[in-house]
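Here come two complexes built around chain A, the first alongside chain B, the second alongside chain C.
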Partner chain A sequence: MSTSAKAPPGHFKILYFGPAENHTSITSENLPAPLSVAKLFSTLEKKYGGIKTNLLESCLVTVNLEYVDIPEDENDEGMVIQEGDEVAIIPPVSSG
Partner chain B sequence: MDKATSSAEILRSQIAATEEELGRLKEQLAAVEAKEAEDLNRLSMQEKPGLVTQGNWPLELEEYKRYGRQMIVPNVGIQGQLRLKAASLLIVGAGGLGCPAAAYIAGAGVGTIGIVDGDIVETSNLHRQILHSTAKVGMKKVESAIEFLASLNPNVRFIAHNEHLSPQNAKEIVENYDVVLDCTDHPTSRYLISDICVLLHKPLISASALRTDGQLIVLNSPPLPHGDPSGGPCYRCVFPKPPPAESVVSCGDGGILGPVVGIMGVLQALEAIKLIAAGKLTAREGEKAGEASMLLFSANSNPPFRSVRLRARRQKCFACSKEGGLTLESLSSGSLDYVLFCGVTTPVKILEPQERIEAREYERVLNGGKGKDHLLVDVREKVQFDICSIEGSVNVPFSTLQGNRALAADEKPLWIPQTLPTNAPIYLVCRLGNDSQIVVRKLKEIGLDKDGRYIGDIKDGLKEWKKQVDSSWPEY
Partner chain C sequence: MAKELQEDTCYVALTHDHLDSTSMIDRVRSPKAGAIVLFAGTTRDNFAGKPVKELQYTSYEPRALQTMLAICKSVLEKHGLTSIAMIHRLGVVPIGEESILITVSSPHRQAAWRAGEEALEECKAKVEVWKKEEFGGEEGGVWRANRDGATGVRIDDEKENEPAAGPHGPILRPGRPGERGHGPVVHLNSTERPVT
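Moving on to the complex of A and B:
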C-alpha cells in the first residue's frame, strides 16, 4: 500500500491495519477533513456497514501515531482530525 | 719468537673471554626455559577445577567465548551478561513466535527458560516454527523445542510445562519467573497472561502475527503494583474490549508467512534481552514508565515498520487500576471467565437437515447425468479455490458477499450463468461447512429459490468430500 503518500488538500489519510482490511478491502484511503474523532466511527459505519461493532469498537485508534480516546457520545467534543493528519485503525491481532 | 708468543697470548685470552660469554648465554637460556616451563605448568593447572592459582572470573571460560560478541556491545557488557545468566524467563507458546524468540534467548545465555505449551508438532507448523523438524511431527512441542535449545546452549536450565496456561495453573507457573513472553494465539490467553503478569508484577513482552502483519508491545514495564499510575500499561489498557469472537482469525484460517511471525518473535527476544541486560526486571525506586509504544509491522506497507505511542495505565482499567476488580483469588478460582469474556464461536448451525446434502450425495448429482442442470458454488477465498476445486464449480468468495457488498433482493447475481434454468438446484460448498450455510440463507433471503429451486450446502464441506468421495483431495 502506498501509505507514505500524503493526503490531498482538505483530507486526512486513514490506514487500515491487519484484519481491518477485511472490512474495507483497502489498506488506506483519504477522507474529508476536518472531522471530530467522535464522529469517526459513524462516518466509517456509513461507508462499511457493520464495521462499528464487528471491528472498530475493539480497535486502537491513533492520530499521527498517537493513541486517541474515542468519546462514547458522538456529540461530545474531543479532538478533531485535521487536514493532512494520519489516522490508523489498529485491531487487536491475537494469532501467532 | 717473542712476537709469536704475544700473538698466541692474545688469542688464548680471546678464546677464554668468548667461552665465558658462551657460558653466560647458556645460563640465560636455561633461566628463560625454566620460566616458560613454569608458566605452562601454571596455565594447565588453571584449567583443572580446584587447582585455580589465580583469577576468579564470574563466568566459565567457555562462556566468555560463547557470549563474547554480545558482551562487547556497550549496552550489554559483563554486567548485562551476568544479569542474563541470573534471569529466568517464561515463554508461553512454542509456536511461530515462541520458536525464534526461544532460540535467540537461549543463545544469549538467559539462565533459566521455561516453556509452556500443550500442543504437539504438526506438519503445518514446520514452515515457521523453526525449532521443530520433520522428524518431530507428533512429538510434544515443549519437548521438541527443549531438545533443540539444549543442543544450542547446554548452559541454560530448561523447564518444561507440557500444558496450556489456564486460570488454575497460571499463578503456580508464572510466579517462578522474572519476565514473560506472550507467544500464544488467542484473545483468551492474551488477557489471562496480561492479568497474571499484573497480579504478580512481571513485565510482559507480547507479540502477534497474521498473514503479513505483526504487532509488538512491552507491557507492565516497570511492573509496579496495580493502582500505581507510574507502572506500564497492561493489555487491557491497550485493548479493553476483545474483538467479537466470530471476527477472530487464526493462522490456520487466515494464513501466515514464516518470516513475518519470525520477525515478531525475534523482536520479542530483543526486547527481553534489552530489558534484562539493563536491569529493568523490577521497578527501581521512584521509577516512572517511559512512553509505552506498539510496534506495527506490515510486510507490504511503506514504511514496513511504524511505532505508535500508547496511553499510560488506563484510569479505570479492570486489571491495573485501583478501581479494577482483578484479584489473584478471582483469577485462580475461575470466577473470571476468559472464554465468556472473549466470546465463544460455536459451529454454525443455521440450516435444516433437508437443506444440507452429504458429499457422497453430491457426487451422485455430479455423475448422475443431471450434471448440467445444477450449479456448485464454492465460497472459499480465491487463493484457496486456486489450490484445488471440484470440477465445474464456480468461485464466489465469502468476503465478496459481506457488508455493503451483500446481495440485493430480487437481483440475480452475475455469477449465475444465463443458461442455468431458473429451477436448477444451487449447491454451496466451503472448507468446513460454516460459511456455506450462511450463504445458503442469504441466497434464499434474496428470493433465488422462488421458482421451486433447491438451494443447500454440502455438509461439513470439502473436509467430507475428501473423506467420502476423493481421498486424493489435497487438504492444505
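Moving on to the complex of A and C:
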C-alpha cells in the first residue's frame, strides 16, 4: 500500500483507489499544495480529461483519513489541502 | 500479517491470508453469551451468469479499519452485544473462499442474528474496500460497486449495463445519507425489484 511515503515540500499526496486507478493509471502521486478542496476536481480534470463526470462526481474525498465536503461551486470557500496532507479519492465501495 | 484494531470487545482486521472462522468465533466467545452468530461471505463463480475466474480486493487500509471499528461499536451498542469481530480478506481471493467473516456474541440469539446482518450490510455500504472481478480471457477485470444500479467499470473503460452486485448479492436494505456506497440500494421487500 502506497500510504507510507510523505509528499515532498510544497506538495500533498493523493491516492487513487479501485475504479479511480482506471482513469489515472497510477495509485498515487504528489500535487502542489496548498489547494482548495473546491478546486480539487477541476485540477484533476485538467490532468485526466473526462475523470470528473465519469468518476469523481460519484466519489467522496478524504483528507488525512477524514471525509470532507466538496463545495458545488469551486470558487466557494472550503477547506484547503496543505503541504504534507494525504488526500484520497473514494469511489463507491464494494466490500464484502 | 493482519492489520487490526481492537477496542473494548470490538475487533476488526484486514489480511491477505486465508480467513479462519474458528479463531473468529473464539474471539467473541464469552461466558456471558448464549449465542454466537457467524457470517461467512464467500466468492461466487459468476456475475449475472458470466463465469468469474477470481476476485481481487484492494483497500484504503487505515481508513477502512476505522470505518469497520465504528460500525462494530455502533452495532455492539445498539443490540447489546457481548462482543463483535469483523475481518476482510484483501488481494486475490480464489472462487469459493471466504472474503469476509463477521462474528457476534450476545446473551440471547435474537440480538445476535439481527446484529450480524446489520453489521454486514453496514460493512458493504461503507467500508473502503474495492472488488475487481476477473473474467479471464481478453476481457480484463471489472470493478464493482455495492450500490443499486451502479455500473461496473471495465478496465478497458467500456461501459457495462448489468446491475452491480456483491459476491453475496445486492445490498438488501434502504440507503442512508452519507453511506459510502454513495447511493440508494435495493429494497428486498419492495415491489420495484431490480432486473436480475
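Throughout what follows, the second predicted complex is superposed on the first by the 90 of 96 C-alpha atoms of A that agree within 3 Å, B and C clash if a C-alpha of one lies under 4 Å from a C-alpha of the other, contacts with A are read in each partner's own complex, and residues count from 1 in each chain.
Methods note: contacts are C-beta pairs under 8 Å (C-beta built on N, C-alpha and C of every residue); 3 or more make two chains touch, one makes a residue touch a chain.
Since the model is a prediction, treat every value here as computed from it, not as a measurement.
Peer 1: Is A:T62 touching the first partner chain B, the second partner chain C, both, or neither of them?
Peer 2: In the superposition, A:T62 contacts both chain B and chain C.
Peer 1: May I ask you to decide whether A:F17 touches chain B, chain C, both, or neither, giving the answer as first, second, both or neither?
Peer 2: Both: A:F17 reaches chain B and chain C.
Peer 1: So, does A:N30 touch the first partner chain B, the second partner chain C, both, or neither?
Peer 2: Neither partner.
Peer 1: Just to be sure I read the superposition right, which of the two partners does A:T43 touch: chain B = first, chain C = second, or both, or neither?
Peer 2: Once the two structures are laid over each other on A, A:T43 reaches no partner at all.
Peer 1: Between chain B (first) and chain C (second), which does A:I90 come into contact with in this model arrangement: first, second, both, or neither?
Peer 2: In the superposition, A:I90 contacts both chain B and chain C.
Peer 1: Which of the two partners, first being chain B and second being chain C, lies in contact with A:T53: first, second, both, or neither?
Peer 2: In the superposition, A:T53 contacts chain B only.
Peer 1: Compare chain B and chain C by how many residues of chain A each one touches, and report the one with more.
Peer 2: It is B that touches the greater number of chain A residues.
Peer 1: Overlap the chain B and chain C contact sets on chain A and report the shared residues.
Peer 2: Common to the two interfaces on chain A: residues 1, 3, 17-19, 22, 55, 58, 60, 62, 65, 88, 90-96.
Peer 1: Note which residues of chain B are touching chain A in the complex, please.
Peer 2: Touching chain A from chain B are residues 93, 95-97, 183-187, 189-190, 207-211, 213-215, 238-239, 241-244, 247-251, 254, 256, 261, 264-265, 294, 296, 298, 300-303, 306-311, 399, 402-404.
Peer 1: If you look only at chain A, which of its residues touch chain C in the complex?
Peer 2: 1, 3, 15, 17-19, 22, 55, 58-60, 62, 65, 88, 90-96
Peer 1: Tell me, which parts of chain C touch chain A in their complex?
Peer 2: 41, 57-64, 66, 88, 99-100, 120, 123-132, 143-147, 150, 153, 155, 157, 164, 166-168, 180-183
Peer 1: Which part of chain A faces chain B closely enough to touch in the complex?
Peer 2: Chain A residues touching chain B: 1-4, 17-19, 22-23, 25, 27, 47-51, 53-55, 57-58, 60, 62, 65-67, 69, 88, 90-96.
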